[in-house]
């Protein structure tokens, strides 16, 4: 157990101390800003469009992408992974630590952004708060699925960032929204489905997947990614520089 | 020793040690050969030439000229997306004109016109900017080449402006090439060439103006982001996010009914601003709902474009004035 | 009584490793025991590949590789007993030296990580800089931190990839005496280098690899002796070089004489015989011998010879 804690501690410090964290904070603050502008501009109190367009589709996947690919990928990339790999610890312990920290960080950003935006743009009345909480829970859970996916990707290839981007922008962005059959393998659709199920009836959140399907998909991706990452890490070869 | 051909500006001062002298004996003494430090006494072209060279270099980088095939991939594919609709559009019109009557209807319905073309190629243009700007601006930081540049006749200001203007030129080419194709196609296929030529020439000023404004604005935003993010992928993502998310936000604000704030926010969103300037210059309605709703005078958008450009270039210049090498 | 000798801690049998069409390690068989062994070879010879395979970071494409009796690939348990100092410079720069080594200690599941950390820091002489971030260290200090991380868990097998990179002479001497001390405790230490003086000074035995093949192994002076088909060269300084040369040429053991540059240099294909006849010849001719230097009995010449084969 202490090994997981040790790795988690080092990963946390590695992820936080960089300029990219500031950029991600700014990104997470963007919906809040829009919510503030909406409130000040006297528009109607409806957080749902902002939460959908800016958080579920933008802040959540991008923060998960950056933290997820960096958690394991940066160490594999610059060679410091040797000090973690060359130890008598099980590979899944390493993966759990990495996914845990990255998921926690991106989840915190997504949930925090959701709560602030929801309260600002939607107010605290009636359905609004329910919508906000529904989205918050869904994004919090989805953050772990996303980061697990990207951590597994970074254990497979050095270009995880590119593939992750293609997944988010092309697959989830364009295709899965259009082709019905592909919705079943889109984390975004799962998030929306879960959120709309948890939120009150007329929340304005797009329906996405069935809640049961959504939970199943998130769980499968999380478990599958953890497994794949552990296996790939066990067989990870560190070449010499020659 | 044979007479070496005299290269102007190069000379070897002092005698060279006769290579017949025996080399170092084992363990005994050491010798150092004086091969003569060669000086360059020829003409030095100075700062203007350096600026021009850097500008040209930036332009070449934008189109992957002088690099391998991989560097040309993105410019060529995106260039194709920019030019092919123009070719197809011109082809359709030419065919329609051959057929005689009914061509008028087709021409009116044709979406490939000078004034509409900007919105047709907005996506390829944005991608071109997002992918190539980091190549032009970020590369030198990644490979720690800035100290090389700044120890030449080039000033830091020259560097940032040359890089920026190189990107602007690249985008001008990108934006104007299809327009030239449309121009040529329309004129050459016209029944009354003289009349068509006059009409087309009338459309040249707004077309060029829009291209200039768009190039300067997009290049400014892209280069300033790239200058702070040497890692190419992050810069590209950053530029795409800025260009794609701004209209989303303005749309959201409009949808939520915040009329006044939306009107102001529109001025800060580059794609919306460019759409509005396009509408203003060609004297037609805008294609985006946001701009229509905002109902601001056309000059406001032109000013907004200039302000954003100036701010971006200002930050870019400041970045390279202060960067540590 | 003699039963079979206990298996050596590191043993390779016909081990090869290739990447597609490129063979990095080509059919190498060797075994290492306690003491310091130097792995010598030019860049690209396969030294890092060998070390990484022994550390369990790479799988051999063919052959059997055993460390402490078992293949180290995909066997995390073996990492308790093996320490590797990798060549790549990067360490977690934001951690202090102490935190970095303590992280390694904790991941090794040591019962008293802070104490082991302190011991390791003292061994590599990093105590005064231990609480600064590793990112602020000089290259030599970072090397020492890496070595400390590799021996915080007291491993019987220690592998070092170009450990003297970036060290100044004082640090190098310190490292050499440290490694000697550890070898005397019975550890198996293998280090790679392309700097011949270091290997010459530190290693009990050397392994020479070139283009993925093992070109020679053993004590380098013995290897030198084995290369009988290449003559040894000696520099001789005497009271009358020319006369001595004339006398020496008569003997079969003398291969060649060179009087160029005012020095007498003698090539002999039979080292033993030459050393016997030289004083006899000099005495018979009443010539005083002042100095005799073997000019190429250094690791450098051995290496150059092996590499050119």
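In this document, chain identifiers A, B and C correspond to the written order of the chains, with residue numbering beginning at 1 in each.
Note that a residue touches a chain if its C-beta (ideal position, glycine included) is under 8 Å from a C-beta of that chain, and two chains touch if they have at least 3 such contacts.
Because the structure is a prediction, the values reported are computed rather than measured.
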If you tally C-beta contacts across A-B and across A-C, the winner is A-C
Based on CA centres, what chain would you say lies at the far end from subunit B? C
Mind checking the centre-to-centre distance between subunit B and subunit C? Centres are C-alpha means, answer in whole Å. 55
If you average the CA atoms of subunit A and of subunit B, how many Å lie between those two points? 34
Roughly how far is subunit A from subunit C, centre to centre by C-alpha average, rounded to an integer in Å? 49
Residues of subunit A that touch subunit B when the two form their complex: 20, 23, 27, 30, 34, 37-38, 40-44, 46, 49-50, 53-54, 58, 62, 121, 161-162, 165
Considering only the defined contacts, which subunit A positions touch subunit C in the complex? 2-3, 6-7, 10, 13-14, 17, 78-80, 82-91, 234-235, 237-242
Subunit C residues touching subunit A - in the complex, by the definition given at the top: 19, 24, 43-49, 51-52, 55-59, 74, 76-80, 82, 84, 86-92, 94-95, 100, 103-104, 106-109, 149, 161
Hey, which residues of subunit B end up touching subunit A in the complex? 233-234, 237-238, 241, 245, 248-249, 252-253, 255-262, 265
